[in-house]
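Comments concern the structure below.
Letters are used for the chains, namely A, B, C and D, taken in the order the chains are written, and counting of residues starts over at 1 for each.
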Amino acid sequence: MSELTIDRVRAAFAALGTGDRQKMLEYWSEDLRFEIPGNHAHAGWHEGLDGFLAFLKTVGELSGGSYLAESITVLVNAEDGYSVDVNRNWALRAGAPKESTSPYHLLDVTALHLLRWQDGRIVEGRGVILGDGPATSALWWSPLGPDGVRSQA
Amino acid sequence: MSELTIDRVRAAFAALGTGDRQKMLEYWSEDLRFEIPGNHAHAGWHEGLDGFLAFLKTVGELSGGSYLAESITVLVNAEDGYSVDVNRNWALRAGAPKESTSPYHLLDVTALHLLRWQDGRIVEGRGVILGDGPATSALWWSPLGPDGVRSQA
Amino acid sequence: MSELTIDRVRAAFAALGTGDRQKMLEYWSEDLRFEIPGNHAHAGWHEGLDGFLAFLKTVGELSGGSYLAESITVLVNAEDGYSVDVNRNWALRAGAPKESTSPYHLLDVTALHLLRWQDGRIVEGRGVILGDGPATSALWWSPLGPDGVRSQA
Amino acid sequence: MSELTIDRVRAAFAALGTGDRQKMLEYWSEDLRFEIPGNHAHAGWHEGLDGFLAFLKTVGELSGGSYLAESITVLVNAEDGYSVDVNRNWALRAGAPKESTSPYHLLDVTALHLLRWQDGRIVEGRGVILGDGPATSALWWSPLGPDGVRSQA
């Protein structure tokens, strides 16, 4: 069983990007639960690796592939089996004007993942948003544009 | 063309309950726009009488038919073509424990509709929630139960 | 006792602007209760005409006197003793950059007052914000600027 | 200069409880900035150790001394100079009924602190709340009781 290290946390996220399910399963449990924060349509606990991957696909669609994350730091407590990775995130809703700064269009938050590891793999993840990001990101996740039109369904 | 009166406002809502589309069209325009307040999955402007009826069907499903409204008062300004009807509303999410008082389960708000009338029919409606109801009702509309589980999708 | 008319509603708000307490008391009860919507520091029921006037003073300070309201319509139900006045509202937080469109700086909402009248005077008022205004105006009322700094205390 | 360890993080929080300012300054910088999440009256960046201590005093008052925290785990990245401590938190608003489960009365959230350390001391802290806790805790921080009365000012 692999030790929980900063490198292993980074590798777990890199595996998600490969599209290789076998590679993912080296780090993420089949029975993973992953919580998206807030109370919007995509918030709450997503069950199973497949539930989590379906959520990530949704994010890709809502953001038109614009989602960017920049790592700030990664922390681990190998004995307790926890990691935290802190990231700056940006994303523009698909179809939004490129230059828009409206929180209905532009996500610009610092957030982190709290991951619980068991037997070398992630069994539980919780996304968390810093500052007043939970309030502004609720607008981004909504079906509304700044004019209240359901243009982002 | 019928005059805008309190009785006509009440009749418009009664027509919605009949399921008789011709009856509805005596009061509600085919080109109706109706805004549901907030930023949850069903918020924003619903377009057309059919869009509005589809929303009402969704409410019926989410509440398992438990939605109750009690009229407080109705006001009209016939010259400007506006009406307001104020109502107390209750609804329990389908599947929630009957006795639950959690705002994720129980909607208990005072709310109103601001309706704009043209040529005897409603062309625009806006639902509005009083007090801190916008905050508590966001939890009701969410896919989450009180434990964060997506049990209400 | 004066009848409840659209003109009387307009006169009630005009009286608030005179600074003449005797004039105000022709329309507003000494025992008035007035609810500001939301859950921010100034939300909830303000008790007494003095409590309401203190709130209005606070709004003047927070907005550096920039608060503007444009009437859309006024409705009355004289028999039930209710009025509703619908208004478009703008306000810039004191000290905010004039051109800022951030919801932490700029309030730009459609809102209404639901007033209950008794013996010719207002005994209860409830402010209500339309659309997703409750979410965006929460940012305006907060002590935060867009960067999270408590610059607006 | 002391190394950043799990024990040192625990000792930093223990020092806050001693009331001994010299003891605190072994762990917390005089120039500390600490962010409380959300957009309520006490949210945003509190400046200086004194600003942070003033905030903690406010929490003690609002909760009538009922605030409880139970540690879940602590993580450190000594090289980057970051720690995270995850805790379960409970608090009842002062004056609220002991058995109340209303989110206006009862805070019941899992939260964490992200701390940045420099030269052996904390220079920046950010409180963060997991799940939908940002929404429910906004009600707790508000001046409102469940009936909208400003009883918790």
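Just so it is clear, contacts are C-beta pairs under 8 Å (C-beta built on N, C-alpha and C of every residue); 3 or more make two chains touch, one makes a residue touch a chain.
Quick caveat: nothing in here was measured; it's all calculated off a predicted structure.
Peer 1: Pick same or different for copies chain B and chain C, depending on whether their interface residues overlap by over half.
Peer 2: Over half shared, hence same.
Peer 1: In whole angstrom, how far does the Cα centroid of chain A sit from the Cα centroid of chain B?
Peer 2: 33
Peer 1: Taking each chain's centre as its mean C-alpha position, how far apart are chain B and chain C in Å?
Peer 2: Computed value for the inter-centroid distance: 25 Å.
Peer 1: Between chain A and chain C, tell me the centre distance in angstrom, where each centre is the average of that chain's C-alpha atoms.
Peer 2: 40
Peer 1: Of all residues in chain C, which are in touch with two or more distinct other chains?
Peer 2: As it turns out, chain C has residues touching two or more other chains at 35, 39, 43-44, 131-132, 135, 138-139, 142, 144, 148.
Peer 1: Determine the shape of the graph in which chains are vertices and touching pairs are edges (line, ring, star, complete, other).
Peer 2: The chain contacts form a complete graph, every chain touching every other.
Peer 1: Under the definition above, what is the set of chain B residues touching chain D in their complex?
Peer 2: For this pair, the touching residues of chain B are 101-103, 131-132, 135-136, 138-139, 142, 144, 148.
Peer 1: Under the definition above, what is the set of chain B residues touching chain A in their complex?
Peer 2: Result: residues 35, 39-41, 43-47, 138-139, 141-144, 148-150 of chain B touch chain A.
Peer 1: For the complex, give me every residue of chain C touching chain B.
Peer 2: Against chain B, the touching part of chain C is residues 6, 35, 37-39, 43-44, 73-77, 80, 82-84, 86, 112, 114, 126, 128-132, 134-135.
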